[in-house]
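Right after this note come the structures.
Shared between the two complexes below is subunit A, which pairs with subunit B and subunit C, respectively.
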Partner chain A sequence: MASTSVSAKGRRGKTPPGTTRGAAEQHRRQLKLRPAGFGWILPALVLSVGVIYFCIGYNGFLSTQQNKGGIDGGTFIGLDNYRNALSNPLFWGALKHTLIFFLVVSLVQIGMGIIFAAMLHSKIHLAVVYKVIIFMPFVIAPAIMAPVHRQVFATEGPLNWILTNLKIQWLCDHIGINWVLEHLHLPTVAAQSWLAQTSTSLLVVIGVQIWSTIGFAFILFYASMGQIEPEMIEAARIDGATNPRILISLVVPSVRGTVLALLILNAITALKLFDYPYLMTRGGPVYTSDFLGTYIHREAVTLTNLGYAGALSILLLILAIGASVVMSLWSRRGE
Partner chain B sequence: MFDVRSKVSQAILQLLLTLMVIPFVVPLYTMIAGSFKGQGWGNYKAVVSVKMFPYFFRNSAFIAICTIALVYATTMMAAYGFSKLRIPKREVFFWMMMACLTLPEVVLLAPLFKMAAGAGLYNTFWAVIIPISALQVPFTVLLTRTYVDGIPDELFEAARIDGAGTIRMFWNVLIPLTKPMAVAVVVLVLINAWNSYLLPLIFLMDPSYQVVTLLPQYFQGQYNDDQTKVMAGAVLTALPEIIAYISLQRFFERGMAAGALK
Partner chain C sequence: MRTRRHSWIASAACAALLVAGLAACGDSGDGSTTSSGDAATSGGDTGTGTDTDTDTSGDVVTINWWGFAPDVSVGEKYVAAFEAANPGIKVVYKNFENTDYAPALRPALQSDEGPDIYEISAGGNVAGIQLWADYAEDLTATAEEALGADWKSKFAPGYIDQLTWPDTGILTALPLGGVGAQMFWYNKTLLDSLGLQPPADYDEWVEQCKVITDAGYTCMAMGAGGDMTFGTELLRTTTSSVDTEYWIKALKGEASWEDPVFYEGIQILRNMIKDGIIQADAIGVQQYPEANNTFMAGKAAYVQMGTWYTQYAGREAQTVAAQAAGVSTPDPFVMMPMLTPNLGGQTPGMVAEVEWGFAVNPKSKNMEAAKKFATWFTTTQEGQEVILHYLDIGLPALVGMAPNWAEVDLVDPDIQIPAFEEMYAAAGATAETRQLHLSQETSNALVIAVQEALATDKSPEDIAAGVQAAAVARP
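Up next is the complex of A and B:
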């Protein structure tokens, strides 16, 4: 590799300086003079692309097989597994939960992330303590926290205790919040067995995921707000802008890139989701908190239905790549 | 961001923020309070005296260290190649790699099983380290490449004019300049390797190969669902990560900021 660099340097000496050419052309020429770098990306390519593309290929193969138990495939059945998946209400149910999850998590996580970041960029005592508390949930393993969350949401757990003893349920009953929620067919703010009900299990999984990922959104927003020029905010303030006005018209537009990045990440996370729903509800009760991840796991591991699981995996891959491409095109169009 | 000139509005902001972080504290409080219920420190003693307990930590640490080393080395090399060297059709390779970002572990189970069984890696740590690394590399390459793109080309050109080869430039220019990013990569990979649950669950059969994320299940089996022991185990498992994060917090933020904001 060292020899390549020397020869590139030699060639560079002979090239006349291209003062009349455009900057893009000059950049392209400089790129050509760089030492070859394929060897440097090879290990990463072999590791990630090698392993993962093999897995995709093997799933593709399995998805055309009628297979019970064996890892090596079975009889060829064409696209039957895909047909079965697309006509299965469980698949569409999991997809619906994925979409709800994506919308709610994105909305709350981005909203709260921006608010927390803006607050911690203001004059606050003990800012480090708040930062650590907000980010901590992102650090701890879902597998470790799941039993803790199961306790939090248990019938005799702290959440129900807070709702009852701090009179939050009473408050929501009396100011009409629960009346509105009831008419929207949403779960009310009241002590209940959160994990065992079909009406609340998805909500719990979403809540726990929000709890564990706000910190990540917060860190990104905190960093990108650090790059806003203080003079700009000062100027807006002199022009009479209020705090909410500055947040909406100045801060939010300047963290737009982070918002889009988080939307793409959340879409992928929603499609990949496994740990929390598996560990907290096993996708239940009656599949009300089932996601593609838990669905594939059930088919592949519990039912050893590898052909069908392979078809689901390929569908998931298509959805994930489709979602990322659509969203990045959408984000580029806006620029 | 918010303009709080008067003492009163400052106090209101502080109070509001404190109220808003309560939901973050409740589960952590539940975990710690739960771990002391009943026998108090006795719960911790019981957990620590389980014969397998040190193995869980040793195994997780081994997996985390190997994964970090593998991901760090391949990521730095790839970021250098993508950003500063000549690769024909490099964006094609880059996006091939980025497509891997979309895949969850659960999709890999059956093919990995096939691969691990074929290579004789089933029930070895490599059956966990290699797939975790494979899933981490696309994201760390994305972050690090963005970061390295921000380092001026002139620095590398100057080094080359001084006679440095590609390898020298990697060691003497790239590695020192990417330190903040390195911390972010290490912390992210540490979190993901230490927290990985499904792959160890499926691929490590031997009881002495179990990892910390399997502790709650182990205790649930061991202590007949005695939640106080499960909570004590949870505190002990979360502790190394919390310490690692708090001590690296500043660097981590700087690295994330630099890598993720372009």
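Up next is the complex of A and C:
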């Protein structure tokens, strides 16, 4: 902003012709208050205010109403919608799923992204093919992939076929993996109705999200690792560091900025998640894969509780702003 | 200075254009769609129906019809029959999945660009009268004009009352016909090949399902996932198998959902999936398209659907449905209706009410053409014959009409026609309605109750308590 606050006089070095000194001074002060590039951002400003901020404001207005979308409009009920939301277990359930989603997706995505990127920075054959394979899911739209995943995870689908016919389920039973999972109250590696169970629906949504975004994390880490000086790695090797040691002590700290960027992006994605849960499970069964996005959609569209949905949207906005602020502060502290 | 001023003018112009664009997106004005002569633009057959409600080209008027039923293939035949009988009116039909109908229709009706014709039914959360009564033109005078002073008596009993909104007394829609439910359909060809007959009671059904699943088929196709309400019809059936009069009382608020009858109904539903009657992943799929496709593809022996399923009994319609389900060269099977067997001590009969009616948008710019469309199908013998011919609706709206079975290309008419006549007779004789007393809140609570019964270990008492807490009675 400061760089654009240049007055007309400052730029030309003299007062505009035909003005008195006092008027020229006043004109100069006015121009100082107005950034020189303001005119150019005006169309974007109109668009933002007209669409985004107006909608946020209208949502806020709506959230104070009991509004079923009828011709008569709504009735003012103050903050009742917010009280109802904060006392509703469905809201806290959706928030819990959001948190689990954020943690699991971030952990796996960052871990696998670093591993894939490190592997492809080593000299391996067909590296370009691997890059394409890893990145491809990221560019395919959820609307296209969701029906495919519904087939993959169907009871008679290919996943269950693989688990059964390739003896993976048998193997997990015999080496004790399923015993451990059972005792941890986690779904076992076995053919089952993945989308129809309360115990597995959230897992499926998380798995699909990881599958579709891991390529993005991989590309970021791959680029980030390319910035590490080869001499540093060489020096570490001369000092006797093994590959895992180099990865943990040298590479990972060097890509810290990318990790933070991914955490911020995952937090925002988790809060506004809608596509995969809606298209694959509709938030069910019994709300077990429900997120704030699907919850708001159900209240606004299916049940036409527009006021309540407005309150949920404002709460979502507050959470998103809060998450962004926390992440930014964390990022700055790290720097 | 000139450059600076020009930049301001340019940016202000851009801003003004944006504002104008936004304003145009928000409202096109009430008269802006009127067009005439060759200046008219056509929405064509794309079915979008939102760009030109008043679309005249010469003497042809185009009206838009939005509906959740019938299927597009049947809807197109309705339209073709109407257009042939009413030259000068062109109809564009847009079909929605049940769950998409209300979300699309509400903003359309609130704008000036909505459809001319849409559909209203007696209840439920798709086209229920309680959702759309505020947006409907009163068709009382139109019906009287078409059928005379005693017009009400010419419709099947109850249909007009069910489409009249009690708060205002307006007739929101003209009925096309009636619908019957609380019944099943079975694939007779499949059962015959396995040497089976429709079951008489629960135990017989369980034994039979073992044979069917051992042969590699699904016993009963069912989709209870998502927001669709079809699964709740099975919960109603199991509950009515315990007490045939309880369900309507609970819907009206005359009985509590926290009742032993409802508990037992929930338990029977839960047993049906544990005992292998209902497909194991019913909660993971939706009735449309998945469960419907399973049955139409010949992969399931039973499905719980209503009289509207008669439309698939014809060779042509079933072939289209099977191809849509992924069968490349379908061999149509014999579809037969089955009344509810004894699941919990009782054998509940069918429930029936007006299926849906044509409503006219008060903002339609082609009001006369829209009313002509609504009345032609609902008040004329010619229109009713078209409706009954395609069997999406088998119960006529007008008294004295009946399907002409000779015109329907059934797979095995000798055994299907008597069964269909028996089914329609049962539907016509019942006094119990289907969705008339079903509020949106109760409907949603029951959808969750079905999911809880089939996918959780929650006790029937706890499930019922959830329904009781969320339900809103509709007396």
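Couple of notes before you dig in:
Keep this in mind: the second predicted complex is superposed on the first by the 286 of 335 C-alpha atoms of A that agree within 3 Å, B and C clash if a C-alpha of one lies under 4 Å from a C-alpha of the other, contacts with A are read in each partner's own complex, and residues count from 1 in each chain.
In this text, a contact is a pair of C-beta atoms (placed from the backbone, for glycine too) under 8 Å apart; a residue touches a chain by one contact, two chains touch by 3 or more.
As the structure is a prediction and not an experimental result, all values here were calculated from the model.
Judged by the touch definition given at the top, the superposed model places A:Phe91 against neither subunit B nor subunit C. Looking at the superposed arrangement, the partner reaching more residues of subunit A, out of subunit B and subunit C, is B. Of the two partner chains placed by superposition, only subunit C is touched by A:Val286; subunit B is not. Contacts of A:Trp194 after superposition: subunit C is touched, whereas subunit B is not reached. When both complexes are overlaid on chain A, the residue A:Pro43 reaches subunit B and subunit C alike. After overlaying the two complexes on the shared chain, residue contacts for A:Ile233 are found with subunit B alone; subunit C is out of touch.
In the overlay built on the shared chain, the residue A:Phe101 is in contact with neither subunit B nor subunit C. Of the two partner chains placed around the shared chain by superposition, neither subunit B nor subunit C is touched by A:Tyr308. Looking at the shared chain after the overlay, A:Leu271 reaches subunit B, while subunit C stays out of its contact range.
In the superposition on chain A, A:Cys55 makes contact with subunit B only, not with subunit C.
Comparing which residues of subunit A touch subunit B with which touch subunit C, the overlap comprises 39-40, 43, 45, 47, 50-51, 71-72, 301. Interface residues of subunit A, counted against subunit B in their complex, comprise 1-2, 4-6, 9, 30-41, 43-45, 47-59, 62, 71-72, 112, 115-125, 128, 130-149, 151-152, 157-159, 162, 211, 214, 219-220, 222-227, 233, 237, 243, 246-247, 251, 257-258, 261, 268, 271-275, 279, 293, 296-297, 300-301, 306, 309-310, 313, 316-317, 320-321, 324. If you check the complex, the residues on subunit C that touch subunit A are 1, 4, 7-8, 10-12, 14-15, 17-19, 22, 99, 102-103, 106, 110, 125, 131, 134-135, 225-227, 279-285, 440-441, 444, 448, 451-452, 454-456.
Of all the residues in subunit B, the ones that touch subunit A in their complex are 1-4, 10, 13-14, 16-17, 20-21, 23-31, 34, 70, 73-75, 77-78, 80-82, 84-88, 90, 93, 96-97, 99-115, 117, 130-131, 133-135, 137-138, 141, 153, 160-161, 164-168, 170, 191, 194-195, 197-198, 202, 212-216, 220, 227, 230-231, 234, 237-238, 241-242, 245-246, 249, 253, 256-257, 260-262.
Taken in their complex, subunit A has these residues touching subunit C: 8, 16, 39-40, 42-43, 45-47, 50-51, 69-72, 153-155, 193-198, 281-282, 284-287, 298, 301-304.
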